[in-house]
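After this come two complexes, each holding chain A, first together with chain B and then together with chain C.
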Partner chain A sequence: MKGKCYIQGMAAISPQQTFEGDLSAQPIVISSSNMLSCVEPDYRAFIPGNSLRRMSRILKMGLTAALKALQDSGIETPGAIVTGTGKGSLQDTERFIKEIRDYNEQALNPTPFIQSTYNAVNGLIALQQKCTQYNNTFVHRGFSFENALLDSMLLLHEGKTDVLAGAFEEITTEHFYIKSRIGQWKSENISNDTLYQHFSPGTISGEGAAFFLLSSTSTNKTYAELAGLKMLYKPSLEKLDTALQTFLKQQGVQPEEIDLVLTGRNADINYERYYHVLDTRLGNIPQLPFKHLCGEYDTAGAFALWLGAQLLKTQQLPVQWFPMLQSPPAKLRNLLIYNNFFGEQHVFMLLKAI
Partner chain B sequence: MEELKKKLKVQIIEALNLQDTRPEDILDNAPLFGEGLGLDSIDSLELMVLLERSYQIKVEDPREGRKILQSVQSMAEFIQSKQPA
Partner chain C sequence: MAERVYITGMGMITAIGDDVAGNLQSLRSKQSGLGFTSHLDTIYKEKLPVAEVKYTTLQLSEIAGVAGIDGYTRTTLLGLIAMREALAQAGITDVQQEPTAFINASTVGGMCDTENVYFDIVNPDKTGDFLKFIDTLDCADCTQRIADTIGITEHIATISTACSSSANALMYGARLIKAGLTRRVICGGTEALTRFTLNGFNSLKNIDKHPCRPFDNQRNGLNLGEGAAYMVLESESLVKENNSVVLAELSGYANTNEAFHPTSPSPDGDGAYAAMKDALAMSGRTIADVQYVNVHGTATLTNDVSEGKALQRLFGETVPKFSSTKPFTGHTLAAAGAIEAIYSVLAIRHQLVFPNLNFTERMEELYVAPETQLLEGYPIQHVISNSFGFGGNNASLVISNYEG
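Moving on to the complex of A and B:
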């Protein structure tokens, strides 16, 4: 893609202290269960009380992260709102379905139904910021956020300005249980800071909301340039390897010019083989995993993008978050993100420092 | 009637998640929508559901609903009028 894409503002609500404060001073938040939950901010600073009372957790998280990203960029009304979510509001969906059963399909409460729709967060952002521009939500499992990003990049290329892109996802006890039945989570209970000492089938679940204000021009506030994005569906190991080489070539970057790789490694031995492709192809480049911080979920790529952009802007690695880090790179210029969602949706993103 | 109004106030607070409101803050004749509690159209649907679930009263005509949901007083009078003598 010819057009440029710069991150001008961003915000993340995650299982770590990512919403405010100095990242380098935040200790890693440790969870002793396999279901990581977000550290939630005080929503009343962002959402009027009368609106807040009706919103479920994911709506509050999504809307607040979006508003903080806008605030961070200094833009009040974006030129477009584009988001991705794999599951939308699970809490509302579960409540609505349960009420259908409990009340025999009669006397159904409208609120959980309205909020269970995937585009509810987008609607709330648009209402609160009085934004009547392009508004779209992508729901494509492990490609949800990446499709939102791709759409945002295309919009910038077409001349749109100030595109708000983001992702939001929640985990509920019910959904955690359902997915445990198909072996997505580890059978043994582990602490997230020791995730990579437990290579076994399954991983730990997570959730989060991350938003980015994207622009085609950079300023002195710019976090990073999103230089490239590539999605691959169920590639073979050979195809993944070829795609990585082609991707870097297309971006005009030699493997040795990559300073750091953020990987979606999640200690699930069922999909570990994909990460070996990186180990082989980029053997000398430092790698850092991020799933011990946010857990696994459809739109975890948004957390990786937030983290990558943060590292490039501050040029500082919060070492307390990465006990596996042996020697931090002296300078961060090019940062590669590779993630896959249970071996199906694979994504490369290239971030460049300004 | 007084007991019914007290109960209704508690149910309204719970159904609409009015976190900073206590039952005694809701005056019997104060308007529920616009001024007063400042409820909106989705709240009116929630209150219809409340009538149906808790009192087995289904309001079919939306124009009738507007009158019924004017205040706690009007809701209580309506519920009482529907209850067997």
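Moving on to the complex of A and C:
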């Protein structure tokens, strides 16, 4: 693919104070329920009250993060809107399933059905910003957001000047319980700031919405360049190792030129082996995990991208978020992200400072 | 110069046929697949017609070659059956021989099976066999099950843009080829009937109690259907290298959004017009080159006005033959775009215009009417296939005769 991909604006709603203000001043938000929930902003600044009342939680989070990212970039109507979500609006899906039963399939309110469709957030953003161009939604677990990014990079390659790409995910107590039945979460309750001291089966759950305005040209407000992206489906350890080396070679980056690796490590003993590939191959490169901040969810990669771009732009680590940090890297030029979702979908991203 | 994208394999299963040949036969003999459900547990069992694939889920697992293996939902099984036919037609015996991507489409994933056990799943007092369905609730499950069964290990993705999902899957796959990221990709979608979607569309008062009547003045809504369809897309260079048999060319496509309303299209068909116009422009053809439009034609009050207006705006006084095949297959949501793309290839290869069933009276808002007869020997070189969905998600494909 020809053409570059620069992050020109972004916004994240997450279990941390990421939506506004100076990151370096925000303390880490701690929860000990194994289920991290977003710190939600005041939506009224973004969505008119009468619309707000009808919208379920993930629609508000998704739309607001999208609008803030656009605001941040100074672009009102992007050339395309592409998103990823593994589960869409769980609240609406759950509600509609229950109402079908409770009302015996009669006189149902269509709103939860409409809002449960995975492309509902995309449609809302398009409607609100009058964006009549390309619009797509990917719904593939740990490849949802990453396919949205790839689609965006294709669009820039094909000649679009800018694209709004994003991801949104919510967790509900009901869905948390469902996934606990197949062992996705730790059986002991832990505090998220001590996640990496609890190596055991399962992890902690999370949620979030993050949006990015991607552009083919950079300016003095560019956060970072998304230089490379690689997805791997159920790779063996050997294939993962080879793919990492190939990826770096294709990007023209030597392992020692990477200043920091953001990893999706989540203290789940079932999938820890994949991170050992990284440890072995990039042994001398500083690593920072991010899942203690956002929890595990299909589109956690979007939080990682937001965090990585933030670090590259500010050249500053919010040290209070990373108690495990020994010594911060002196400079941040090349930042590698590696994440996997329950061992199935694996992703490398390379971010470069401007 | 970007590579051209060719269709080298097709596979499908719908209420009117277990494979492509079966579908063609039913289309030719005007055999609709609409009737009452035998598999869905709903109070509308004998009230709302649907186009159901006639096999039980157990029978589907046998046809798909996975009988006795746990965890295959009806959605996955329909997809697997269509996938196997597409591979066979493309002459692919080992999918690993050429890196092959898979772009699938789904609207509610494995809901067809999970909705029957959902209240057991959320009840801590219950345990049992149903726990195997926990991971089938999302849309990626069917994609990965199909990929794993046939051995796809390369790029995979699932798209969900409501009724335009599989048209977008075809488009994304074609773009991956044009960008040089893959030389072969299998694209399409799969959809099983669910109580969830039936009640969803019914709560929107979008379902007709009678067989649907697309583009008819008395139309009163859609009928849902189920099915799956996949196309094997290959780059021009791979086709040359392998001497692949080409069925048709995917020569143009466009995705637009109406930005009008969450569930209703604009009355003037702005999104539909833009999608068709842009897809045609991309194919390098003009309106005079199009002989047939396989319309979205759901028979809802709003879709047909909007789409009809768009046809009139684009083609003026020379609207080509058009028909909706939804009275045959029902509206198969995520599978519809791929099913109708295959029908478009069949229209070209067999020089056919399919009849728009159940039409009697032209819509008062339009000066055009659909073709109601089966036209054999009709010269077709280029077809537009439309898929429009909730959220204003519109997609049009242009499929062209392969001239060799």
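Going forward, the second predicted complex is superposed on the first by the 354 of 354 C-alpha atoms of A that agree within 3 Å, B and C clash if a C-alpha of one lies under 4 Å from a C-alpha of the other, contacts with A are read in each partner's own complex, and residues count from 1 in each chain.
Methods note: contacts are C-beta pairs under 8 Å (C-beta built on N, C-alpha and C of every residue); 3 or more make two chains touch, one makes a residue touch a chain.
A quick note: this is a predicted structure, and the numbers were derived from the prediction, not measured.
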{"item": "Chain C versus chain B on the shared chain A, clash or fit after superposition", "value": "fit"}
{"item": "Chain B versus chain C as contact partner of A:308, first or second or both or neither", "value": "neither"}
{"item": "Partner chain in contact with A:233 - chain B first, chain C second, else both or neither", "value": "second"}
{"item": "Contacts of A:289 with chain B and chain C, given as first, second, both or neither", "value": "neither"}
{"item": "Which superposed partner A:62 touches (first chain B, second chain C, both, neither)", "value": "neither"}
{"item": "Chain B versus chain C as contact partner of A:114, first or second or both or neither", "value": "both"}
{"item": "If touched residues of chain A are counted for chain B and for chain C, the larger one", "value": "C"}
{"item": "Contacts of A:49 with chain B and chain C, given as first, second, both or neither", "value": "first"}
{"item": "Which superposed partner A:106 touches (first chain B, second chain C, both, neither)", "value": "both"}
{"item": "Per-pair minimum CA distance [chain C against chain B, superposed on A] in Å", "value": "8"}
{"item": "Residues of chain A that lie at the interface with chain B and also at the interface with chain C", "value": "106, 108-110, 114"}
{"item": "Complex contacts: residues of chain A adjacent to chain C", "value": "1, 81, 86-88, 96-97, 100-101, 104-106, 108-110, 113-114, 116-120, 122-124, 126-127, 129-141, 143-144, 147, 151, 154, 157-158, 174, 177-179, 181-182, 231, 233-234, 344"}
{"item": "In the complex with chain A, residue positions of chain C that touch it", "value": "42-44, 106-107, 115, 118-119, 121-122, 124, 131, 134-135, 137-140, 143-144, 147-148, 153-162, 168, 172, 175-176, 179-181, 195-196, 199-200, 202-204, 255-263, 270-271, 274, 389-393"}
{"item": "Residues of chain A that touch chain B when the two form their complex", "value": "49-50, 53-54, 103, 106-111, 114"}
{"item": "Chain A contact footprint on chain B (complex, rising order)", "value": "16-20, 38, 42, 45-46, 49, 52-53"}
